[in-house]
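Before anything else, here is the set of structures, which you'll find just below.
In what comes next, subunit A is part of two complexes: it sits with subunit B in the first one and with subunit C in the second one.
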Partner chain A sequence: MIVFLIKRLANAALVMLVVALMAFMIFRFVGDPIQLMVNEQTSQAERDALRERLGLNESVVMQYLRFVGNAVQGDFGISYRNQQEVMSLIAERFPATIELVLMATIISLVVGVPLGVITAIHRRKWYSEALQFVSIIGVSLPSFVIGILLILVFSVMLNIAPAFGRGDVVSIGWWTTGLLTPSGRAALILPSIALSFYQITLVMRLVRAEMLEVLRSDFIKFARARGVPAWRVHYSHALRNCLMPVVTMTAMNIGSLIAFALITETVFQWPGMGLLFIQAVTFVDIPVMAAYLCIVSFIFVALNTLVDITYALIDPRLRNSKA
Partner chain B sequence: MILRTTLLAGVALACLATTGTAQTLRWGAARDINSLDPYSYGSTFTISFLNHVYEGLVRYDADLKIEPALATEWEVMPNNIWRFKLRQGVKFHDGAEFTADDVVASLARVSHPDSPLKGNLPAYKSATKVDDYTVDIELVGTYPLLLNDLTNIHMFDAGWLKEHNAEVPTDVAKKVEGYPTFNANGTGPFIVESRVPDSKTILVANTGWWDAPKHNLERIEFTPISSEATRVAALLSGEIDFTEKAPVQDLPRLAAAPNVKVMEGNELRTIMFGFNFQDKLHNGEPNLFKDKKMREAVGLAIDLNLIRDKVMRGKSRVTGTVVAPAIPGYDPALDTPPAYDPEKAAAMIKELGAEGYAFEIMCSNDLWVNEEEICNALVSMLTRVGLAPRLNIAPNAVQQVKLTNGEADMFAFGWANEPMLDSYSILLQTFQTKSENAGVFNWGGWSYPEMDKLIIAASTELDREKRLALQSAALKIVKDESIMLPFHQQPMAWATSDKVESVVQLSDNKGRHWLTRMAE
Partner chain C sequence: MTVNLTSPGLLTRIRQSDLWWSFTHQRSAVLAAILLTVLIVSAFTAPLYAPQNPYDPAQLELWNAEIPPIWLEGGQWPYLLGTDTQGRDILSAILYGSRISILIGIASVVLALVIGIGTGLVAGYYGGIVEDALMRVGDILLSIPTILIAILVSAIVRELLPPSLRDVGAGGVLVLAIVLSGWVQYARTVRAQTAVERRKEYVQAAQLLKVPARRIMFRHILPNTLTPILVAATLNFGMAILTEATLSFLGIGMPPSQPSLGTLIRLGNQFLFSGMWWIVLFPVMQLCLLVVSVNLLGDWLRDALNPKLR
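Presenting the complex of A and B:
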């Protein structure tokens, strides 16, 4: 188990190093931060001096090594645009993104699982077919379109939910939460629905496929034969047996939701990590971009590792496998 | 079930949220300010927002003329020294008194070698305290535009800077945060109550302001909303009271809404197109744009009125010169664009042997209003007269690098003459021959010694009329030589909710909410 963990940690470190290297290779093509940092009246000599001081004249490899060297000591530098420490900038935004992602995940489960069961049980009925069709829209509509539609309907026409921001937040230690204030909860509604759309479809389709599989198995037939009521067969026996893959997929997908959230965050001006990243890109804020990419890749690796560990605990055969 | 209850909760909340106090201005901006430190990043928007909190020695009045602010009077003394008398009885937000020491400390901070705003005070040499309310500013030479520069140099409290170890500007290269990035202590009409970057910055009225307030605001809640659609939605649903950037394509819809008022005008920024003057194009072919005839032919081929009517939806102001009418040095005699004559342009191009001439037009997709559409229209107009332009379009951050390296054959360019508000700005930075201290934006590499002479003469001419005459003469060369083809002054559009009674909108496109009044 310990060897497994160490292997996984080494793995994670490697992934982050590679992501950072690729990031630094791309940064050369994002543009020149100096043009945006100084004012129109600045002379060329002053611009060159600033570029020199920031080390932007060095080769990509040197910049990368310097970044890694500092990052190992926990120093990600300070943002060109905000002049704040990158780590505290990201830490400030982290709770917003996590709250949004968790809320979207909860919505996707609460809505997706029952829909999946219904479409599996009544699979020839017109409403199942309709739900199946609507779910295609859920996966194929880009999330900014969903976001703007939600804003149009619920903010502009009905005026029942705020169109932007996070409302008032309460600080608990370094964590900030909007769940404890009325305006914070109201602000969470539209973005989390927008973000959960794609996920709802996934959960629904997965549950449906698993249910159809399970409903064909012998123990369901026996249960029916014994005269167990239909709702109990479906919701207790069958559903319980198809939840494992749903839980796995949901856990793994939290990583992608964090990454995807940047579009939702931009539409709703949700002050999370994604919004920070998008702004860092427009301002060529290299320290912020580099740190964000490393942290998101770390979250991905960590979630995968957690899932793997859970599997290894359940299935001892995985512990010794070379893969 | 959970979903339904949260939705219901939302309904109840939204009802509560709409009943705010009438004297709070909720400002939904297109972007956040970078920092609370005005000397941190070369951003005109950040500085103009912080002008609510910090003030300079002088400021612009409602006609963009310079008027006294923290200084009451000034005189030019021998040896390039300017003597400023300071306003007495002015207090910083923390109660400290404003004196000559504060001016000296602020000027030292902004002119520090690490300061990104150093370029805003190009002629500054040193400042000395004469007595508590008198300061001498020494310049490197005769220089007429010191007052213009000082409008944007905000005054800090020397003691506050010292106490928080912030006497030098925050240097990104040193990787240390600065106290003024998160805190503010100015003399201005509003006090910073709190700030959460990217979500909300709250200002409250400064009851001890030295000037008689014309506004009736108690609070300003400033929220960046970068997505245009969301900003429009927030205005329509009454969640914000003011935006300084209403998207051009949504103006008819906003104007039709009963609770929204749209304020339109033309800003100072002039959009123009420039040419490469090197021997070869970026693709290695010989550069025909070095020939003035070729540039003139391109000018004749462009239907500026069509661009205004179709692309800019009638909102832009077509111009024949590279500076806006409000900019000193503007000459109405130059403000006639070349008459649109595609036949003549085609004939000239044929004569020059430039039929089918392939070159690139470099544009950004995120910089000027409808820039992408302008560039597309330009490509089709130039194709019609026999040229073969190709559009090279990408985000500004990417294009800037190529432009600086002189890789563009023809390029879009915009200049507002901020913060100086004088045509000297564009002449020095764009039209003068490229050198260490001039021509940073001379991306085509042009050089006109007779124009350089005029610009250099203007830079030391203290007589305003004579100086502006020199600058107008230089602008005439720009036009006669077709170095750049001016297109238009961009539209600016603000929008307010019906809770706002009056907002002052000047052509520099800056919010001045110390003049804003809400409906009582």
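Presenting the complex of A and C:
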């Protein structure tokens, strides 16, 4: 088990080093950082001094190692665009993205699991087939399209939900939350639905497939034969055996939800990390881009590693085969 | 008495195949195929009948701006779906925009297929270091969300291009971004299949006959790995169109001078609150029809080619 743990962690660390290398390459090869930081009056001597101070005369390997060292301590340098520490910019935006992603995850489970169960139990009924068809459409709609349609219907036509911003927020320490004010909660509705749409279809299809599998097994037949009521067979006996893959997928998908949130955040002008990243991309604000890449990849890799390790803890067979 | 020994023609072979039977017996697949054909043909023949060439600024007249669709009050012939604030005919813009979206989709899927199949075959056939290296690269690429890779590649390559080339090269940059974020999937599938196939007797027989390795890979093994690849390619065609639209929507894709569907949606999105819903809604609908029809075909293909479901 310890060997597996070490191997898995080493693997994750390797991936993160490569991600850091990619982020570093962006720094090194897209534009000259000196050129971006000075103005026209800066003399050549001052430029050289700055170059020396930033360590740009050292070998590439040394620079990379220092970049990694700084990144581990949460230091990603200073934003080119507004001369603020990148880390404080991101920390400021972090709570907004996390609240959006968690809300979307909750919605996807609350809606997706029952739909999956229903379509599995009554799979020949017209509404199950209709839901199957709708789920294909759900997979085909890009998230920005869902956002635009939601805004068009609920903000422009019906005027019942705000279409942009985060509403009023309350600060708890460094964390800002919109969940405690009415306008904050209202602002969360449309973006979290838009972000959860794709996730709902995934959860629904997964639960349906797993349920169909489980419903064929012997212990379900036995429960039925014993005269256990149908709803208990479905929701207590069968559903419980489907939840493991659902939990896994949900945990693993939080990382990609954070990445996909940048699209939703753009549509709804939601002030999260993703919007910060997209603005950085349009202004070629490289420190912010690099920091975002590292942080999102870190969350992604950390979650995947965690899921793998948990699985190995639960199922000893995986320890040898996967290591 | 003579026996007819000639093999049946291609058309008969298609019509007698299992695939054709399953196709004609699935209504949604037939509908999707018809819809997709109509969309593709209408997009590529657009220059013949579209009322306007939306890329030619000389044809845009400001006094034709903000005309609503023809069935609303104020609608004007020939602007069936209305015009935007520049006087651009929405219908023409959609048709030309679909053409760009479809072309980028096809180009990136074909390129990703070529790279993925090539590396997958070599890795699966030879194994060893090549295989390890490929799997590692794949692991790393898969541990970053694909949309992030696509955005970063697109943003960085654009920045590296000289400004004069940025608009012209936008399509190429998009293809590159989508290919780089998508080829691993093919490579992994082909590698896994090849690793299984290369241990079978027919490959050993070919090796004993001293058939060149390249010929064994491409003529003997490849056809046996194509089924899952075909399904993945169809579904990825839809994904590629979506990725392109997303990048263009975020403002790092096709420029407004040669708009794809995503660019049109981005431009139209600004007028959502001014009551001119047609500027954004029609490109959105076209994009959805396109991707839904591709995905329905892909779904059908996956079920039809899955031996477990027969």
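Heads up, the rule we're going with is that the second predicted complex is superposed on the first by the 252 of 323 C-alpha atoms of A that agree within 3 Å, B and C clash if a C-alpha of one lies under 4 Å from a C-alpha of the other, contacts with A are read in each partner's own complex, and residues count from 1 in each chain.
The definition used in the following text is that a contact is a pair of C-beta atoms (placed from the backbone, for glycine too) under 8 Å apart; a residue touches a chain by one contact, two chains touch by 3 or more.
None of the values given here were measured: they were computed from a predicted structure.
Chemist: Considering only touches as defined above, state whether A:Ile189 meets subunit B (first), subunit C (second), both or neither.
Modeler: first
Chemist: Could you say whether A:Gly255 touches subunit B, subunit C, both of them, or neither, answering first, second, both or neither?
Modeler: The second partner, subunit C, only.
Chemist: After the superposition on A, what does A:Val19 contact: first (subunit B), second (subunit C), both or neither?
Modeler: The second partner, subunit C, only.
Chemist: For A:Phe197, select first, second, both or neither according to whether it touches subunit B, subunit C, the two together, or no partner.
Modeler: neither
Chemist: Output check: A:Val284 vs subunit B and subunit C. Expected answer is one of first, second, both, neither. What do you get?
Modeler: In the superposed model, A:Val284 contacts both subunit B and subunit C.
Chemist: Which of the two partners, first being subunit B and second being subunit C, lies in contact with A:Asn304: first, second, both, or neither?
Modeler: A:Asn304 contacts subunit C only, not subunit B.
Chemist: One more residue to check, A:Leu141. First (subunit B), second (subunit C), both or neither?
Modeler: second
Chemist: Would you sort A:Phe133 into first (subunit B), second (subunit C), both or neither based on which partner it touches?
Modeler: Only subunit C; A:Phe133 stays clear of subunit B.
Chemist: Figure out whether A:Leu293 sits in contact with subunit B (first) or subunit C (second), or with both, or with neither.
Modeler: It touches subunit C, and subunit B stays clear.
Chemist: Of subunit B and subunit C, which one touches more of subunit A's residues?
Modeler: If we count touched residues of subunit A for both partners, the winner is B.
Chemist: Can you give me the overlap between the subunit B contact set and the subunit C contact set on subunit A?
Modeler: Overlap of subunit B and subunit C footprints on subunit A: residues 29-31, 148, 151-152, 155-156, 163, 266-267, 282, 284.
Chemist: For the complex, give me every residue of subunit B touching subunit A.
Modeler: Interface residues on the subunit B side: 1-3, 6-7, 9-14, 16-18, 28, 32, 34-35, 37, 40-44, 113-114, 116-120, 122, 170-173, 175-178, 181-182, 196-200, 223-227, 229-231, 233-234, 236-239, 366, 395-401, 404, 415, 418-420, 425, 429, 434, 436-441.
Chemist: For the complex, give me every residue of subunit C touching subunit A.
Modeler: Subunit C reaches subunit A through residues 28, 139-140, 143-145, 147-148, 151-152, 155-156, 159-160, 238, 242, 245-246, 249-252, 265, 269, 272-273, 277, 280-281, 284, 287-288, 291-292, 294-296, 299.
Chemist: Okay, in this complex, where on subunit A does subunit B touch?
Modeler: 29-33, 35-47, 49-50, 53-55, 75, 77-85, 89, 92-93, 106-107, 110-111, 148, 151-152, 155-156, 159-166, 182-183, 185-186, 188-189, 266-269, 271, 275-276, 279, 282-284
Chemist: Help me check something: in the complex, which residues belonging to subunit A touch subunit C?
Modeler: Going by the criterion above, the answer is residues 11, 15, 18-19, 22, 26, 29-31, 133, 136-137, 139-145, 148-149, 151-152, 155-156, 163, 255-256, 259-260, 262-263, 266-267, 278, 281-282, 284, 289, 293, 296-297, 300-301, 304.
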